[in-house]
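For reference, the structures are reproduced in the following blocks.
In the two complexes that follow, chain A is the common piece, with chain B as its partner first and chain C second.
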Partner chain A sequence: MAMSFFDQFASSSCMGVPLIAIAIALPWVMYPTSTSRWINNRLITIQGWFINRFTNQLMLPLSMGGHKWALLLASLMVFLITINMIGLLPYTFTPTTQLSLNMGFAVPLWLATVIIGMRNQPTVALGHLLPEGTPIPLIPVLIIIETISLFIRPLALGVRLTANLTAGHLLIQLIATAVFVLLPMMPTVAIITAAILFLLTLLEVAVAMIQAYVFVLLLSLYLQENV
Partner chain B sequence: MPTSPVKTRIPLTSFGHLITEVKRQLFKNDATPPTELTGWRTYFNSYTLKGRRNFVLATYSVLALAAGVYTLRRHKKEEHETTSAAT
Partner chain C sequence: MPHLNPAPWFAILLFSWLVFLTIIPTKVMSHTSPNEPITLDSEKHKTEPWNWPWQ
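The block that comes next holds the complex of A and B.
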């Protein structure tokens, strides 16, 4: 069977059981949990320090009502960053390349921020749809534009993560294939291509972490407007 | 490294709000109304929060009304075509 470059994104199944479920559950089993000891070991301490620092930074601009989202946003960040990083290993499947998964995160969380805004402060939430000082002839157009941008947000959130990760994985596979094909024919060019592949892999590691952070940061910004 | 001249955290999620915040901080344009708000401008203006809310609600109401009228007219037209085809 001829392999295509998109086979790496196909969600495989074993005896009818979709393996994406195992891929999604993997971060949960990877991280050690705090013990009942007074002082934990170094690994758990570093892990706790990172999560505390990240959560502190994320919650800074949010009011007290938004702090209820600390657990959700911190766990989402750890989940996304783990899945993205594991997906960079060879022969692994990256669940965040599936648009369904990313939209499954983006749409409910975005909708929750909108509903919270409409419920707790409807005047402010509706007032946000029209920038201050808009000239009167432009008001209806701007309201429609701002409404469209409001509804585009979950789509952009999901597609941004999907597209970045998919494009990165595809590039890595393309350049790796080029290295293998060029190696017997033009070894020098293959070595240069391998160097490019190495740099690209470093870039993809950065993109994996940044995209997870951007996803969570944007959600916190949407929450900041509404809480 | 050069830092941004805009001091506070700008809500980056909307281009309109970004423009408003930049105008306020860089050009000291606080979007104060040119004259006192009287008459209908008390309730419909783009300076106060309630004025903006009322404009948004009015725009949505007009759009919903237009959609409703269009749907009803299309429904009546289809019914009229059906009855004239039957006779």
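The block that comes next holds the complex of A and C.
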């Protein structure tokens, strides 16, 4: 069986346990449950600071009804950013490269925002399908376009995360292979490629955090429209 | 590409949602602050003068 560069995305098993299960279940040992003490240790303090600050920022544009989603969105952010960042370490598996996982989060959450909008304020929710100030002849076309864009949202949400992380991991593997192959032949070129690999890894760290944030931010925006 | 293979998708979906609904919110909730924010009392307490019982 020929090795291909896509084999890193097939969830292998370690002693019968699928790696993706370990990758999803294990990172939470790094988040100690906060105690009721006045002052906690540094790790809990910094995690608490991040979670509270992030939730505060995220809830700013939302109305009071949207604040019910605070825990869900904060949990989603913690989930995604942890999984993305841990996946950048060598020999780890990144569950968010799996389309099934990302669509599994994007579709239900997007659908929840749409259903909330349709139940509580159907006129406003449907009114989003027609931007203000549209010239009258364009109205039918624009409604069709806006409906299509509405239904493409969960697809875009899931595929965006999948594609960004998959592409990043693939690039890292490609360039690392190039460095490895070039090392005996042309060491200088190998060293330059290694520098590129280093910069790419820094980029991937940024992408990991940004993509998690974008996912949660877009969901909050969809909620803002509908709540 | 193996990650477009839908075969274990349901197991992945179930497991990730399980973790997302049970483990993480408990850990995130534990970071909440202990006191409820209260509105400031607009009424200022009148200071009652009293005589120090100096010796």
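Convention: the second predicted complex is superposed on the first by the 220 of 227 C-alpha atoms of A that agree within 3 Å, B and C clash if a C-alpha of one lies under 4 Å from a C-alpha of the other, contacts with A are read in each partner's own complex, and residues count from 1 in each chain.
Heads up, the rule we're going with is that contacts are C-beta pairs under 8 Å (C-beta built on N, C-alpha and C of every residue); 3 or more make two chains touch, one makes a residue touch a chain.
All values derive from a computational prediction rather than experimental measurement.
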Chain B versus chain C as contact partner of A:Thr177, first or second or both or neither: neither
Touched partner set for A:Asn120, first chain B, second chain C, both or neither: neither
Chain B versus chain C as contact partner of A:Ile51, first or second or both or neither: second
Contacts of A:Asn41 with chain B and chain C, given as first, second, both or neither: neither
Which superposed partner A:Ser63 touches (first chain B, second chain C, both, neither): neither
Partner chain(s) touched by A:Phe79 [first = chain B, second = chain C, both, neither]: second
Comparison of chain B and chain C by chain A residues contacted: C
Chain B/chain C common contact set on chain A: none
Residues of chain C touching chain A in the complex: 1-6, 8-10, 12-13, 15-17, 19-20, 23-31, 33-34
Residues on chain B engaged by chain A in the complex (per definition of touch): 9, 11-17, 19-20, 23, 29, 31, 46-47, 49-50, 52-53, 55-57, 59-60, 62-63
Chain A residues touching chain C - in the complex, by the definition given at the top: 6-7, 9-11, 18, 20-21, 24-25, 28, 31, 33-36, 44, 47-48, 51-52, 71-72, 74-76, 78-79, 95, 97-101, 104-105, 162, 166
Contact footprint of chain B on chain A as seen in their complex: 61, 122-124, 126-136, 139-140, 142-144, 146, 149, 153, 218, 221-222, 224-225
